[in-house]
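First the structure, in the form of structure tokens, and then the observations on it.
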Amino acid sequence: MNLETEAALIEAILYLEVDAVDLATLQRISKLSRDVVLASLERLKETYARDEHGLELVEIADCYTLGPKKHLGPALRDRYGKKNDARLSRAAMETLSIIAYSQPITRTEIENLRGVNADAMMRLLLGRDLIKEVGKKDAPGRPTQYGTTRHFLELFGLSSIADLPKLDEADEQRFADE
Amino acid sequence: MTSPQHESSPNHHVRLDQFEGPLDLLLFLIRKAEINIYDIPIHQITEQYIQFLEYAAQIDLDSITEFYGLAATLLLIKSRMLLPNEFADDDDYDDPRQELVQRLIEYQKFRKLSDLMTDQERSAEWTLEPRRNQRSFDFVDDEELWHQIDVWDLLQTFSAVMANLTPERIIDLYEEVSINEKISLINELLETRGEFLFTDIVTRPDSVMDVVCAFLAVLEAVKSSGIGVYQNRLFGDIRIRRRQRRELPNDES
Amino acid sequence: MNLETEAALIEAILYLEVDAVDLATLQRISKLSRDVVLASLERLKETYARDEHGLELVEIADCYTLGPKKHLGPALRDRYGKKNDARLSRAAMETLSIIAYSQPITRTEIENLRGVNADAMMRLLLGRDLIKEVGKKDAPGRPTQYGTTRHFLELFGLSSIADLPKLDEADEQRFADE
């Protein structure tokens, strides 16, 4: 199976979607079977892995998207990194706190809590080694579940997740701060 | 021609407002009469043109002026053609029709180009547009950002996220996320143990969502799976066990 | 010059920008020279022309972007298609064609060609951002000259005025100036 046509269609879909999309969505839009979509994604991954491409196929939390290759970061950061700064830090904090307190948790669950697409933030946190895949949820599609890493514990000076302050302590802390 | 008819619909009278202007009408008459545009029988075509204008009277004044403007031009050409011209065989002879013919040809050219543009418009009728016009990629490489926050920031952020959840969102959440998981857990426990505590199906006690979903799953199970719920004292442990009911087909006991 | 690295960078920029960007912007972001950007775009054009790609390099009004290939339109229309419903009337199209093919052109010149007053049509075309004032004619009264806009090119899917549909040879001869 060559899949040139199918991969081309998937490529266009990934481009038009902007946000990362999951396999089921790709199947629905492309009207291709799960196997063909997966094989097309594999083909795209190889195509974009070539040095002539500045984009690559990114798989994150069971979702796929095209994104700039890591090594282009320094060249693109000025324009595309900075403008997200303020928004990024809060969004990243929210996502990380949800994962820390609700792990194991899937991307969809995080998105339900935050009400927005979590793809970029999860990629950031994965890239920072603050979260990692911890298993598959026993639910349709077997979505990946995420949890925090050892690096996360180190960064926050925790010996284990059990050390995370409890929700009802939030109020006490608030009063202590004042 | 006393009653001009449209070629394609002979039963309908041609109306002036069907024409984009006097040149359009003139071209129509020329084509209809099947005459050579380079040798227009000006007498005949002028007569037809004027007859048509008189016939089609009911139109707005703005454009009728323009239609009559061309009529005047046609009459002028006609009168000049009637004048004897001693240079008629000369190369220098200016055919009075020449300017009009050039205008007609130029107009025809733009009509044709206009058709091409209409095709182009049609071919570009559909455009595909990305779902959003902003791609976000994070190249922020500022480790400082992460060192400045502590675990209390994390907690406060989380508690703010939870506080902002509207009731509808919570319903969404349990529908999509956890209720099925809890129901399958209940079924699993019923099979292996027959009786268990509510806290057994709360896998993440510090997650409000988890508790809420576990509770809703129990309510659902009471309704559909034939379980009984017991509580020994107020705020005590909730025990869940299979209800002994004869009418349940799967009830082996 | 191989330009693999440069083309990869330009590719990532085009992807991140979403909207079409002009040469000057590409130069500024990539910090590459005009010639190198142009050569990289040429390289990208070739790369994406291959059948394995569902995207292509699109040039509209001297701006560049990536976009799905035309033949994928029908498959993707349901979800991503935007229909241009505002079709022009015959009179408006005639006027627009005259302006497109004869720009810069004055109102009087248009009226001479069509034999009717062009006021209403020009107002309509100006209102829809299809034409604009482009200068003053060096003639008595210095009448305003009109030309087509960028929006016009976008709407008709043209990369530049040079891209306007051409008369075929037979028509070309029929309408040749004597």
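Here are some notes:
As written, the chains take the letters A, B and C, and residue 1 is the first residue of each chain.
Just so it is clear, a contact is a pair of C-beta atoms (placed from the backbone, for glycine too) under 8 Å apart; a residue touches a chain by one contact, two chains touch by 3 or more.
A quick note: this is a predicted structure, and the numbers were derived from the prediction, not measured.
Among the other chains, the CA centroid farthest from that of chain C is the one of A. In terms of Cα centroid distance from the overall Cα mean, chain B ranks first. Averaged C-alpha coordinates put the centre of chain B at 21 Å from the centre of chain C.
Between chain A and chain B the centroid-to-centroid distance comes to 31 Å (mean Cα coordinates, whole Å).
Between chain A and chain C the centroid-to-centroid distance comes to 38 Å (mean Cα coordinates, whole Å). Residue positions 15-16, 18, 67-68, 72, 76, 80 of chain C are each in touch with at least two other chains. Across the assembly, chain B contributes 128-132, 134-135, 137 as residues in contact with two or more other chains.
Residue ranges of chain B in contact with chain C, taken from their complex: 20-24, 62-63, 66, 69-70, 102-103, 105-114, 116-121, 123-135, 137. The part of chain C that touches chain A in the complex is made up of residues 4-5, 7-13, 15-16, 18, 29-31, 43, 47, 51-55, 66-69, 72, 75-76, 79-80.
Considering their complex, residues 15-16, 18-19, 67-68, 72-73, 76-77, 80-84, 87-88, 90-91, 93-94, 96-98, 100-101, 112-117, 155-158, 164-167, 171, 174-175, 178 of chain C touch chain B.
Across the complex, chain B meets chain A through its residues 128-132, 134-141, 145-147, 149-159, 161-162, 165, 169, 172-173, 176-178, 180-181, 184, 204, 206-210.
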